[in-house]
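Shared chain: chain A. Partners: chain B in the first complex, chain C in the second.
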Partner chain A sequence: MLELRPILSALWRHKVSALLIALQLGLTLAVISNAAVIVQERIQQVTRPTGVAVADIVTAHIAPVAKDYDLLQAFRLDLAMIRALPEVVAATVSRAPLTGSGSSSGVQAEPNREVGATPAAIFMVDEHFIDALGMQLVAGRTFAAEEIGEASETTSWRSNTVIITQQLADKFFANTQALGKAIYFSGEDNPMEVVGIVARNLGPWPNSTRAGNAIFLPILMDTQKHDFIVRAAPGQRDGLVKLLEEKLAERDSERVITVKTLEEQKNRYYAGDNTLITMLSGVVGLLTFIVALGIIGLTVFWVAQRQKQIGVRRALGANRSTICRYFLLENLMIATTGISFGVAAAQIFNHFLVSAFNQPPLPPATVASCALALVLISLVAALIPSLRAANISPATVTRSL
Partner chain B sequence: MLAYYMVLALRSLQRTPILSALMVAAIAVGVGAAMTTLTLNYMMSRNALAHKDDVLYAVQLDSWGPDESAEGPYQMPDQLSYRDAKALLRSDIPQRQVAMHRWGATLTRENSEQSPLQAEIRVSTRDFFPLFDIPFLYGNRWEQSADESPARQVVLSQAMNERLFNGDNSVGQPVNLNGEVFTVIGVLKHWNPSPKVYDLINGAFKDSEALYIPFGLHHQLQIYTWGNYDAWWNEIPKNYQDFLNSHLVWTQYWVELKDAEQKKAYEHFLTAYIKQQKAEGLYPRPLKFRLSRPSEWLRVNEVLADDDRMLGWLALAFLLVCVINATALLLVKFLRKAPEMGIRRALGASRNAVFSQHLIESGCIGLLGGIGGILLAIVGLARLRQLQMGSLDQIASMDWVMMSAAIVLALIASILAGLYPAWRISHSSSSAYLKTQ
Partner chain C sequence: MLKMHKVRKSFRTDTIETHALRDFNLEVKEGEFIAVTGPSGSGKTTFLNIAGLLEAHSGGQYLLDGDDVSGLNDRQRSRLRNEKIGFIFQGFNLIPDLNLFDNIDVPLRYRGFKASERRRRIDKVLQQVGLAARAKYLPSQLSGGQQQRIAIARALAGEPRFLLADEPTGNLDSLMARQVMELLELVNDWGTTIVMVTHDPDLARRAERNIQIVDGQVADLEYHANPAALSA
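== the complex of A and B ==
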């Protein structure tokens, strides 16, 4: 504690350099704590469970060449062929979730209501869809084969039964049993009885506010917008991509066949978030590195400048750890000044990011842990030159006096 | 003198290689990060229709339901129903007007080895090409009649013409779309604006379509849009004609109005149209429409997303830290040379000379840092393209404007960083240092 005064007076002689380092640390704290909270939020967003077996699913799209192509017949024949493959667990024809394209509509718990609808993704599926998507049925039953209706884009496609996600069931029938109740398309009076509830499905747009609201209707739809959704046996996915291309072409070569993994489509959907995560992590890493280098550079200089004083102190009886402690303490004082300024700057910066760019607010815990990390890094950075200072031999320096 | 100072500066940099490298690295990293995000922001803010910004307008009509407003820009749907588009096309007020939407089909050629492919197609009225200033390589656009009644004609993009016909003049050649024979009547010159200002609704950074077909084909081919479509109630059409007459919005509409007078006339026309619709019991919301210039259209569709703008600000904060870092290091470096400066001053060098010599030294560091920054930005942008999985390939690349901006930014950063240290060294007392010699 006795050392504080000499440190302060020494610092006063280098006030500009010391201030620059403190300023740097403060701004760094402002930037990295804000970056950290955004990264944290996005990672949570991207890695939250989707409710489907993303890693095992392959989608296949067929676009026929001929003009009067019987798409429904092709769906049936292709599905029979796909389901017979030993690598396949289950298959359906629908639109794959997590891809950024799909359809949605307003849903109500009461008939003939126009306002206050809950937007939900609509999936038209056959009886194999729960298995094919690897979803979990938590209540009720899946569709029966004879329940599946047929429709095209210009025919009516209402159904009497529906399977919904747990999230939607909770929303509509909070504390009651949803099974057996009816839901309605907004403004309509056709009841759709809830026959089953699946645990989770984020739907086509995981980043939208309607993510997780999904309804499944037992309809085989005559549309080129639908894909085969095929779940591979564990470890068979990549092989299945090739195999499906071959087998689909083998059954009917007069069509354009596009096979993709669901994982790739999900990554594509999240590409923006993943970019932000990587870029911000890069900013945090580089910035910390630059600041550490700056501290090393400055401490090296101060040590070099005070070689004689260090030598004299050593000759007068100061031991190595005292010298080392001196420089570390000096650095700690600069760091504390910078960090306290940085805490305020971080809040101001965050306020700007929240109001201008819809970013998440900054919790105190994040600032605190970033501040702690920065102090530790600055101490480690100062330790290297401080140890060198401690090794200055009193003899070599005092010789020239 | 400048050349001499630069030699001095380089020599001084060589004398303290580690410290110099640290400073160059600080500037390079700061400039690299700033330029990566600024390039992205700059490229995303481009307006390919800037030269026609005061004559082109995207048309929005508020055809939405009585209870809630639409989610599009200005709380209106961002597209029109086919029915409305057909009605607007009857107006002769605009110089040019386009009704269009996204589509796609399987493309094949008779007696060709090429395997069938799925092609992105734009279904549009013929004014599409002159309105958006799209040059033709061969042939021409379709006749007026093709916008009304079916004509199986197609215009190819240059890339598609190269793929199908090796770049030869393919006018008159047949191609099959979904098994129907079409005749090539024109080939475009390369044209791929990004952001895709004429269709921001289906992906602002998507490539232009490979094929263009006339708007009069809907009935014959039963075309359903491949683009976004929306509706305010669950209308289920009974047949294709019903679908075309439905209130579903899926048609994009642009007009070219040559002056304020024409714009005013067109606004009157739109007002009258909506009033007439209201008389028929449609358009339940208060009368509202909007004509947006390309620059406005880019802004309200949020092509430059919040995340991108935030990254830009973060990168500038980053650069600021790097500048402060360089200032601290420069101060150290210059003060180390203080004894030498003491001698120079004693030998008659003026404060100004010492100051400018050191500022030039900082500038040299900035120049080196700028070059490093460009290299880092190129690496950063390459990584960005990879992270975006191909969707930003056109956007994430530096042009010469951004390269020069990088150098200028680096010079400004380093000179800012050098100002105080250079002033400090030129004002330090020389006698103190001379004494210790």
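== the complex of A and C ==
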């Protein structure tokens, strides 16, 4: 039979220590539920699909020493050499996504409009870019070789065709077919016909509001800002890093060559998020540990203080599980009180975080999960001293303590 | 009611084995009032603990109500304690956080009685010990004698057949002691078997039978033909 009322009476006579532990539990819930929602959001952000084959891609940057270096010619020769390697699935030259560095511009679905432009990342690519990035073409076609124009940073460059991401297509042409429609750079009237749609590409800045809005133009750009983007055959990526360095240096040793995996660059981009995830997870773990220690300490103290009383209860007919249940139930009542307070405190804290730091709102499911986890942790913490209490002999009652 | 045959109890440390009870034989009949005396360290408390199923004996046979209790597990021993045995301790052993009503309620809850039945029994025993008006008091608000009366009420509430009292008047002045003793005699008159451990020879003489334990064995048995006359 549950002893709710007697436990409440006993707790009332030790209300200060019980309330302090309940308060500690409540504050812990307020902090960890808000930390959990931030961690959850960051993890979702870091692990969401990028639309490109991050695990297989290697990028190579060449910085020539000579001033009159023919970069476009070097691109062509280097690409031909790279594509001939058996470890390579496809290669292109462009700016790598997910690196925090790239170009963007406002685009419109109508000509000569300047207001309300949609920011989008711009990638200048050749006909191999979809395979090289491992993207999925969901409609239309890729560029043909003869469509690829040439341009430099100092000359004007425009294109009549464009490939866009599904996200951008949905934004501009919600329920209609985007293929064959035109989009424009903001304030311009040069139509770019959508000839293909790729499933996804987060662009250079996955944490920005323009993430996922990307346009691909058939232009080979004469710029040192571009890298070779090389997709390795499965399992060949790490070997390809060294091989590319050697082969590019072999073809022309008068340049500085930097080869990296896209995964490294993505990790560097997300370094801040990963640090935050680690730190907040650590804080959550530490707080939970401290609260568990507090519960263990209080229960051990109460068991020691009530040894004689436990002996009396045993003598009066309580078996071991009755004693264990008594202490667990007592702990559960403290935890429930603390958690009721914590749910309210979590909402108040979250309201502050949302308004002051633009943090995500706290979903009820997260509070409920954290509350449940804390209840379970408090029960586990109380279990060991409760089992010790259950082992106190009923004969304690007749012996002096 | 209670029969011990060659009961042994020994405590062992790494180097020494101490025999607290040795070939201990005793039979207590239904409705008897027995006083157990003996010098300190003679085994009185060990006997009380074994008789009350508070600890297990090392050997021999102990029959409670005809049933051998040797092989019982913790749950079965706890149930027997709760249903058949009432305890009265020298230090009262009331739970200080609970009021008198809740103190008496403790063994009744373990028995699994419904709230209405528990209330009926608690009201009845509070009336019997004359403290019905103080049900909501805490133990610390009562005198020693009143606390011991509540402890007796707690022991009686489950209507046990067998009452074990460990120095029930040891912490009381003579007036309080006499009141408590009279209450125990009344309870015995209602048919409850009582075994009382005491140092006090005057109290022991008021029992129907007096046994003395020396070195873990029954040393002497003394019968009082008319205990009422002795108490007069």
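Criterion: the second predicted complex is superposed on the first by the 395 of 401 C-alpha atoms of A that agree within 3 Å, B and C clash if a C-alpha of one lies under 4 Å from a C-alpha of the other, contacts with A are read in each partner's own complex, and residues count from 1 in each chain.
As a working rule, a contact is a pair of C-beta atoms (placed from the backbone, for glycine too) under 8 Å apart; a residue touches a chain by one contact, two chains touch by 3 or more.
Since this is a predicted model, take the numbers as computed values, not measurements.
Using the contact criterion defined above for the overlaid structures, shared-chain residue A:154 touches chain B, although it does not reach chain C. By the touch criterion defined above, A:255 lies against chain B but remains apart from chain C after alignment on the C-alpha atoms of chain A. By the touch criterion defined above, A:308 lies against chain C but remains apart from chain B after alignment on the C-alpha atoms of chain A. In the superposition on chain A, A:290 makes contact with chain B only, not with chain C.
In the superposition on chain A, A:49 makes contact with neither chain B nor chain C. By the touch criterion stated above, A:320 is placed in contact with chain C alone, chain B being left untouched.
Of the two partner chains, neither chain B nor chain C is touched by A:86.
When the two complexes are superposed, the chain touching more residues of chain A, out of chain B and chain C, is B. Remark: chain A residues 16-17, 20-21, 23-24, 27-28, 30-31, 34-35, 38, 63-68, 105, 114-115, 153-158, 185-188, 254-256, 258, 267-268, 271-272, 274-276, 278-280, 282-283, 286-287, 290-291, 293-294, 297-298, 301, 304, 349, 352-353, 356-359 touch chain B in the complex. Residues 1, 3, 5-6, 9-10, 13-14, 308-309, 312-322, 393-395, 397-399 of chain A are the ones touching chain C in the complex. Remark: chain C residues 45, 48-49, 52-55, 74-75, 78-79, 81-83, 87, 89, 93, 95-99, 102, 105-107, 109-112, 154, 158, 166 touch chain A in the complex.
Of all residues in chain B, only 19, 22, 25-26, 29-30, 33, 36-37, 65-68, 105-106, 108, 115-118, 176, 178-180, 224, 233-234, 236-240, 242-243, 305-307, 309-311, 313-315, 317-318, 320-322, 324-325, 327-329, 331-332, 335-336, 383-384, 387-389, 391, 420, 424 touch chain A in the complex they form.
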